Every structure is written in C-alpha cells, then in structure tokens.
Amino acid sequence: MTKNSSNTMALAPSTANKRETICIFGTGDFGRALGQKLIQSGYPVVFGSRSTKTSSLIPRGAEVLSHAEAAQRAAIIIVAIQRQHYSFLTPLAEALQGKVLVDISNNLKLDQYPESNAQHLAQLLPAAKVVKAFNTVSAWALQSGTLDASRQVFVCGDDMEAKQMVMDLVRALGLTPLDQGSLLAAREIENYPLQLFPMWRFPIFLSLGLTIFFFLYCLALDIIYPYVYQKKDLSFLIAISIPNKVCPVLALVLLGLVYVPGVLAAILQLWRGTKYRRFPGWLDRWMLCRKQLGLVALAFASVHVLYTLVTPIRSYVKWRTSSQVVSQALSNTTEPLNTTNAWLSDSYLALGILGFFLFVLLGITSLPSVSNSVNWREFRFVQSKLGYLTLVLCTAHTLVYGGKWFLVPSSYKWYLPPIYMLSLIIPCAVLVVKFVLILPCLDKPLTQIRQGWERNPQYSE
Amino acid sequence: MTKNSSNTMALAPSTANKRETICIFGTGDFGRALGQKLIQSGYPVVFGSRSTKTSSLIPRGAEVLSHAEAAQRAAIIIVAIQRQHYSFLTPLAEALQGKVLVDISNNLKLDQYPESNAQHLAQLLPAAKVVKAFNTVSAWALQSGTLDASRQVFVCGDDMEAKQMVMDLVRALGLTPLDQGSLLAAREIENYPLQLFPMWRFPIFLSLGLTIFFFLYCLALDIIYPYVYQKKDLSFLIAISIPNKVCPVLALVLLGLVYVPGVLAAILQLWRGTKYRRFPGWLDRWMLCRKQLGLVALAFASVHVLYTLVTPIRSYVKWRTSSQVVSQALSNTTEPLNTTNAWLSDSYLALGILGFFLFVLLGITSLPSVSNSVNWREFRFVQSKLGYLTLVLCTAHTLVYGGKWFLVPSSYKWYLPPIYMLSLIIPCAVLVVKFVLILPCLDKPLTQIRQGWERNPQYSE
Amino acid sequence: MTKNSSNTMALAPSTANKRETICIFGTGDFGRALGQKLIQSGYPVVFGSRSTKTSSLIPRGAEVLSHAEAAQRAAIIIVAIQRQHYSFLTPLAEALQGKVLVDISNNLKLDQYPESNAQHLAQLLPAAKVVKAFNTVSAWALQSGTLDASRQVFVCGDDMEAKQMVMDLVRALGLTPLDQGSLLAAREIENYPLQLFPMWRFPIFLSLGLTIFFFLYCLALDIIYPYVYQKKDLSFLIAISIPNKVCPVLALVLLGLVYVPGVLAAILQLWRGTKYRRFPGWLDRWMLCRKQLGLVALAFASVHVLYTLVTPIRSYVKWRTSSQVVSQALSNTTEPLNTTNAWLSDSYLALGILGFFLFVLLGITSLPSVSNSVNWREFRFVQSKLGYLTLVLCTAHTLVYGGKWFLVPSSYKWYLPPIYMLSLIIPCAVLVVKFVLILPCLDKPLTQIRQGWERNPQYSE
C-alpha cells in the first residue's frame, strides 16, 4: 500500500487510501505494536531497520527498508529506539532534514539524564522537527486493544505544524492528544509514566505516621496499663479493638486537616486584604492535596464502619455479653431500661451513620467522571457545604460517644487523655474558626476580597 | 513572541511558532489566567487595557497595549470584562470589524438580563463575529491545572468559521469544546454555571415531602400512641428506630415511582396505537428524572442498611435481649427453635440483601464513565431487566417482613395501617400492571408499535 | 438556508452559515432524530423521500425533496433506510456517484447477513463512497439529549477523505468519532449494538456453574446429612447460612483464578525463554477477562459481607445465643474468657475486613474514569501489588477461620472435606507458585525475558 498504488486506484473509491505513509525507526516491541495499530487505521507503514529482511514479527502490510530509504518515504518518522542508540541517527541528518521526528522513548528512572530524551534528539538533529508523544501508551495496550488505563497522549514540541500533524495522528488512532506546550515539557512528560501516585504521597505518609503514633498510644493505655496494674492479658485487643479506635480517630483528624488550609487561606486573605498575593508554598501544596487527604480519611472511616459492624460477631464480645446476662440471672435482678443511655447510644450511632453516608457521597462526587459532569457551582456546593456538614456530623458523633467520660478521672490513665479527645482538637478548632468566619462582620469583607476581580476597577478594567 | 520574530526564525525549526496571536481585553482574574494558559500552549498574547503599564500580575511573555492597538494584532479577541462595561467597546467598533469576539462573561443570577450577554455584545458590535465560550471554566482551575470539574467548554455563535476558530483554540488548551449551535444558545450557556442540580430538584423535594409525612405518621403511631395509652416514654426511638422505618419505606416508594412513567407510557402507546404522538409534558419530565429518583431511592436504601446493621450494638436492643434471656432463665424455660420463624426471618433478610446488592449494581452502572462504556442494549438490559428484578426483590423483602401482621388487628393502631403496608401500594401496583403488560396479547402489539418506524411503511420509507 | 443565501449574507456576520447541506434518505425515526440534531448544530438538512409532502414529524427547517433532488444538494447523504430497501437505491446510482453515503443501519441478529449492510451498500453502488457510522447511537438519546450511554460513534470506510468528512460531522454533533479502519470493520460495528456483555459471559457462566456445584455440596453436607443421621430439619439454612458459605468460597476461588493466567504466562515465558511467541488462545482470552472475573469475585465477597453482618439479627442465631446463655445460667456456670478463641476470632475478622477493603479499592480503580486517570505504572502497581496483597489477606482469612478444623475427623462428613478447604486449593497454589517465581534465581531471567525488547539487540535495533 504505497502512495503510488493508492494514486492509480483513486477512481475505485472502495480502496482509495489518501493517508500519508508513516515511517518507524526500530522494530522493537513498541515500534511493531504502533506499526500494527497504524496499519489498522489505514496508514501505510515503513520500518527503518539495520537488517532489512522482514521477520515474522513485523506486522503484515508493512515494508522494511534501510533507515535512509524509509525516511525518504514519510514526513513523520517515529523514533522507536533507545536513547543510548540515538547517536547512530547523526549520519542520517541530511535525510531527516525538515522531517517530523516523534520521540516516544521513556527512561528507567526519574530525571535520569540532564536533558530529556526529546531535547537530546533535537540537539543531535537540529534540522529535524522533534515532537514528544506516545510515551505514556503501553505496547501491550495497543496490541490487545484494551486501553483501560489512559487514552491520553501528551504531546509537546517547538514546531506548531509538526505538533499538529502528530496530534492528528494520535486522534486517528482513537487516542486523545493533550498539547503540553514546547519541547521543554518533554522532561515532565518523560517523568510522567515513572510516577507512582505523587499527589498521594503526602497524605499517605502523614496518615502512616499518625497511625503509628495513635496505635502505640492505645497500646500503652489499653494493653500495657492493664497488664502492669491488673496483670490482665488483653493482647487480643490488637486485632480489632485498637484498630477500631485508631481508624475513627485518623478519619476525623484527616477530615479536619482537609478544611484547615481553606480556613488558613481565608484568615490570610482577610489579614492581607487582597487575594492577589500568592499563598506560601506549603499552603498551596496542602490545598492541592485536599482531595487525596479526604479520600484517605474516607478509607479509614470505611474500615471503622466495618470493624464496628462486626462487633457482635466477635467471640470476646459474645463472651462478655453472655457473662453479664448470666450474672444478672444468677443474682436474680432485672435492670430497668436506662432511657438516657438509650438516647445517647442511638444518637451517636445515628450521627455516625449520617456522617458516613455524606462522607461516601463526597467520595462518589470526587470520582473523575462524576465531578466532570457537574458545573463549578455544584462542585463547590458538594465539596464545601456537604463537606462541612460531614465534619459537623462526625465531630458530633465523637462528642456524643465520648462526652460522658470527659469529666471522669478514671478515663485519664497515666494522666493521658483518651484517644478520642485528641482526635477532637483539630475538627473542633476548624469548626470554631469557620463559625467565626461566617459571622457577617467577617464574611462580608472576605466575600468582597474574593470577588475583588469583579468589583475592583483597577484589576477588572 | 510576535509574528515577526517567528517569521524570521522560520528556518530554525526548533523555535518556529506559527500560532496566531490572541488578544485579551481586560486584565482581571480570568483574563490573566486564560492569558497564562494560552502562553503555555504556545500562543502569543496581547492584553488590551486602559492603563498600558505592565503590572506584576500580567503573565510573563504577554504584551499590554491600548485596546485599539491590541485588537489590530489578533483575529480572535477574548472579551474578559463585565457586561456593564461593554458599552465602552462601541467606540472601537471599527477596529473590531470582522474580528472574532469571544464573550466569556457570566451573570450573578439566572436570566439576569432580558437578552444574554453574548447577544448584547453582538447587538453593540454588529460587524464583529461574537462567539460565546469559556464561561463554564474557572480561573482557579486554569491556574492550578486541576480541572477536576468539567473540561467541557460550551461554544455557540452564529458564524460557523468564527466558532470553528474558537473551538480549535479550546482544543489547543486541552479542553473539550461542545458546539451548542447559534448565539441563541448563549442564554442557556450563561445560565449553566449558575444552576444547582436542576435535575435533582424534583426528586429531592418529593422525597423531603414524603420523609416528613412518613416521619410524622411513625411519630404518631410509635411514640404518641404508647405515650397516650400506656404512659410509656419511647422518645429515644426518634434517633434510629423511626428513621429505620422511614428510610426503607421511601426507598421502596421512590423505586416504584421510577417504574411508573414507563408503565404509563406503555399504556398510553397501546391506547393511542402509535408512538408518534408526544407524551404529556409531565410524563416527559418524569421520564427524564428517573435516574435521579432511583439514586435518591438508593441513598435511602443504603441508610436503611446501615441503620439495620447497627441494631445489635444499640443499647436499647442489648437491654431488650438480655432482659428477655434473664426472664427466660428465671422462669426456668427453654424455648424450642421455631422453624417457621427462622425461615421467615432468614428469607426477608436474604431478599433484602440480594435486592440491595442489585440496587447498588444499578447505581454503579449509572456512573457516567460506566454507562458510557456499554452499548444501548446492555444499558437497557441493566436498567430495565435488573431494575425490575430489584423492585421484585425489595417488594418481596417488605412483604415477607410484614406479611404476618397484615391480619393482626393490634397492628392497626388508631385504625391506621402500619407504614410498610403504605409503602407496598405503588410497587405492587407497578408490578401487577407490568405483569399484565408482558402477557403476549399485550406485549406483541406494544412491541410492534415501538418498532413502528421499522415496520410501518409510511414512516420508514 | 442554502449555500447561496449564506454567500449573499457573508457581510452580515451574525447570520452567516457556512456549514454544508446534509441529505438524509428516509424519514423514519432515526432519520428525523438525526435531522433535528443536525439542524440544531447549524447544518441545513434536506430529506429525500418518496412522498415529498412535509409531514408534521419532519423537523422544522428541513426540506423534503425526491431522492434524486435531495442527493444533488449535498455531498454527504445519510442512508436512514432498512437494508431490505437498499435495492431501490440502484436506479439513483448516477446521482450518487462520488457522494459520501453514510450507512447507519443495524440488524436484528448477530451476523444476520453474509456481508455487512455497509458492504452490501458499497457493492450496490460502487461509485459512491460508503462510510459506516452512527449505528451505535439511539434515536431516543439524540432527541432527548440524554446521552447517558455511549457518546462514542464508531466510523469505518475505505475512502479516507469521506471518512474524515463523516468524523468531522460526528464531532460537530458533540459526539466522539472512533476510526475503526476499512469497511471490513462494518461487520463488527453492526454487531456491536447487539452484543450483551460479551466479556462477562465466561466469568458469569463459570461462577454460575461453580455456585450450583458448591450449593449442592453444602446442601448435602449441611441439610441432607443431619436429616438422614439425626432426623433434624435444618432446611431454613438454605436462605442465609448456605449462601454465606458459597459466596466466600466463590469469591476466593474466582480471585485465585484472576491470578492463575499471569502465573501460567510467566512459567510459559521462562520455559520458552522468549516473550515473542504467542500464548495459546485460551490463555489470551483468560488474560483479557481477568478484570471481569475479579469484579464477579468482588460481587460474591460483598454479598458474603452483608450476609455475615446480618448474622446477629437472624432469628435462628438469636435463639441459639439465648438458649446457650439460659442453659449456662441454669447450670450455674460462668465460663472464663478463652483468650486463644478471642485471638482467632478477632484475627480472621480483621483479616477479612482488610482483605475486603483492598478488594473494594481494586474495584474502584477498575472504574473506567479512575483507571483512565492513572499511568501504567500506577495501574500495574494497584492491580498487581495490591491485588496479590488482597489474595494473601483473603486466603489467610479463610485459613484462620477454618484452620482448627482441618485435623478434626468429625468435620469430614461422608469423607468429604468442608467446603472452605476446597476453596483454598487454587489460591494457595497460586500463592506458592508466585512465591517461587519471585525468588531471585527465577525472577531475574524472567525480568530479562520481559524486557527482551529493550536489551536484546536483534529486536530493539
């Protein structure tokens, strides 16, 4: 299917093929997969290779030529070879003059080389137009057709026309090109496939650290303390009871931390009297990982719910219940219903259930496809209004649960407060400050500051 | 980066820049954010402003000129100023002749002005080509790069070529343009960012109303009745017991209401003998909010599940269980296992679990990204077949749960039926009518009517 | 709105309309819906019909002409008529010469005709350029604007230019065109809307078969055995107890089966010493439906969780608990806490909760919109690392739960092992083989084989 053959058949429409030939340098895994996909999409493909004998691995319909010959046939050349072999392209500089070279290479480590592979290629062949693309797509996905992970192809390059040609090619393969700007962006694009959840790193390390701290805290108070003073072996509490204290505490603390940066930003804006000064770097970063913090908090809350719901199935709890009942029966007493207890117990459960329900709702709206189908007003309504309601409910859940023990001295073992008191500090502080901030005397100037670009004539023209 | 500089460097491909200059009127928040983004995507940007001194807020690389000078440089002018300042553009009418003016403005209220901002602009400058775009994108999202909510940019305009140019610009910024037609659509596009879940309004108000009704109904029968006749204070039932009656009732009623319009439409089509007459407006609207109704029903069902699962942890339930056991022990009796009870209790739980499981499955398939990856046959199979199965299971769950009390006079306090009997009316009616409709004598003509366009020669040619 | 009118009005920009006229053959349901949508998007539309009188069903703004006249007006003709009526187009062959004919037809059955409708049309009219498109879109969705299911439009055709024109048209309607290659793909595209979850068929049939087998196995051991030997009627166990044994067993077996093909592939690659030979067909197919297998396993695990959590509410369980307590009270004994039991019971619950939590996490990351927003390294990390961790936790959960009964002869009724022992075979085998494969002496050559395309000079150039 060369251009010649398609020209002669132009009058027979069912076989006319006006797509331009694409050349691929390198017959490795990815080169062959891409060649296969290009042929399926109607592009004639020539491979440039050192040995020009067609192997069985080369996709059917593709030609294999020497590098120079292959380069002559096409305007776009996909460079599917390793960076360390780029140097052998320099003798071909003349054949590659003015051609669009698509660099698809990846590295094995973040920032492996001082300059990106694409920039390196552009320096070796200054007369060619280098475009970075396709490096985020996997060969296996191209071959099997299962593009489960990203259909997005990041594209960058200094020559607009060359970039446009490559973006059209990407679109023709059923993928979505995303223009990332000039070739300077190649470094970031090459690092992208090597990243492992960069936005999740801080929330996960933070919650790991807090988990360890709170776990040891509980261990001391719930297992070591009774062992020391009462010689009781309660080590089995490690499996469920202690995790079920640590999880809700972490969920509440992390949920509180989601709303801290917003409150800090508001205070900063009020104090500065303008929104046109950048926040400190740590605050910016904190604001950008709020979604991840919230989702980690939701994970802890979910585990807490499951841990709580299995309570009646636990062998220890069954034993405790039955021995209480047996001792009641043996002492021949029937306790009357304590209505206050019934109220308290039902209230904290109800608050917890509603809080968890809203929390899950927040989690669902943060799914990309859901958040993509709402407008900004709706998104902010859910994340801010519903978010604060969740925080209020969860804080109330903890307060009602533990409230009665605040003033009981025996709950302060080794003079340390119970863990749920610690968990209340951040959420309560956030809620108090937020409550102050929505007082009209502070809310009005803050709203004016935030709409500054709309009302302030020197900025909005 | 003016056009001149790029021309002189045309032979040095790595810096060639053939993108057209974009002009932005107004240096407010959104204007600057858009300018920054345009520069990142390789567009030269000039700002048109009253004061031409470059402030530190202007993105680096952009020029600031007077309005008239800036307009001369570019074919596309983005009007990032408030509607109330549009009038000052009229003196520039000559400079703006034939230019593409992109109106990006938003209002503060729905339908704030008699005509949309874009139409207003078009009337002020009849010689310019006005295109509405970008108003659904937030400045903060553009700056921070976190386009969590919508990447979709609604575009409309009367001039096809101008619209095409703007859509290409949108695409170059990594956003998705959606052509909404002529400038008449600007009104709807300007209202879009101000909307707050319009499709959810009816389902949420309906369920709020029903919740209040059923809550008061339960309050009367479960708390006021025993208080009046037995002087018992059962007010603590408000926290869990009563919500756990209201939630399943609402879930079942709303799930029934999801299937009512489909059944009504079928009856209407059968009666009319054609599908080519429009349904009444209320039926159309009802059909369009079935998804939202179903999801609200799922929310109530989920809360019901959580409320039910915490039952054994409730202090009241623990007290009731233990006092029963103690009294058994004291009276020295051991009850034998009642197999019928075991069967009934296990059956309604099993039916509820399976019904809830299918309900969650329906909810998952209504996520945009999931429903987007199935074809119409699969979508209809899930939403219709699995949906009816869910309704059958949930109705059976309620029937088995409450069945034994239907004929017991003591369950009719104040001659009112228990709440779950009320909840069964709509689902049972829907299921009976649906069962009648799938009888061959009715199903065959209905199928023929619905395939009318396929079989009826006067319509399908 | 013909081309003439737009030319004369070219100077009045607000009404200029440069979109090309589209012709639609056939005034059936889909033809009219598409016509309506095209008009909304600014395209002039003419309908070609046998009777040229405009009916009230024809969208406003469209003209109705004879076929020949209508065809003359447009370059693109949408053929919205049934395949069996295609023959009447042959007399129009001359008028259709060189035109782009868009075949939008669907069949009623998979592979209904020897060749696809589009190929049939192309044979009838060899001088026209046939493009297949739009067949996956529903008329109802076009009319109501609710494109819940797919916005994707598969397009194929032999003429590149014609295909490009149709793809632009698709894009202008706000839909996403996907180029599927030459007209040979029409067969698959026509089959697509008739498919019903083809990837799910094998996992669902497999799990159905296994469910029936394990259900009968449990029925024999738990109900028939006690009935035969102890004359006890335990039939009520069918509702919850037996399903709650079958569900976890199936979840574990299916989760094991997800990881079997990966392990087999690794063994095969090690044995062959190359990755460049295709796997047997069954292994390929198995690998492609791993996601579906995993999700079915998750469904069984979720039902198992719900079944387990309702345990304390079951009437049978309540009866069993209270009769144990009563008999304890009557015999005047108080059992001390068995710490080993408490440890075992808490451990298997904790393992199960954590395993289920990770399982749900895996399920969430397999949602299209979530998996689409991670890169390949992250996707593989979640699906492989977290997946194996889930398998380890769930296997450990089952081992700890049933471990103590392995050596008790009374658990082997009729010499058959309890069901959870059967469920452990596949997961344990997978974990053992996987453990062997990650030993350095095997892992190193395997990694080299898999990176063959990177290190082996004859392939990577």
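Each chain carries a letter (A, B and C) given by its place in the written order, and its residues are counted from 1.
Following the convention adopted for this analysis, a residue touches a chain if its C-beta (ideal position, glycine included) is under 8 Å from a C-beta of that chain, and two chains touch if they have at least 3 such contacts.
All figures in this text were calculated on a predicted structure; none of them were measured in a lab.
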| item | value |
| --- | --- |
| Interface sides of subunit A and subunit B: same vs different residues, half threshold | different |
| Rotational angle, Cα trace of subunit B fitted to subunit C, multiple of 5° | 120 |
| Distance between the centres, which are taken as Cα means, of subunit B and subunit A, whole angstrom | 23 |
| Per-residue overlap in subunit B, given as positions that touch at least 2 other chains | 309, 312, 325-326, 329, 367-370, 372 |
| Subunit B-facing residues of subunit C, complex | 12-19, 25-30, 40-42, 49-50, 57, 81-82, 85, 136, 138-139, 141, 144, 146, 148-152, 172-174, 192-197, 233, 235-237, 239-241, 243, 299, 302-303, 306-307, 309-310, 312-316, 318-320, 322-323, 325-327, 329-330, 367-370, 372 |
| For the subunit C and subunit A complex, residues of the former touching the latter | 98, 122, 126-130, 158-162, 178-179, 181-183, 276, 288, 291, 305, 308-309, 311-312, 321, 324-326, 328-329, 332, 334-335, 337-339, 341-347, 349-350, 353-354, 356-357, 360-361, 366-379, 381, 452-454, 458-461 |
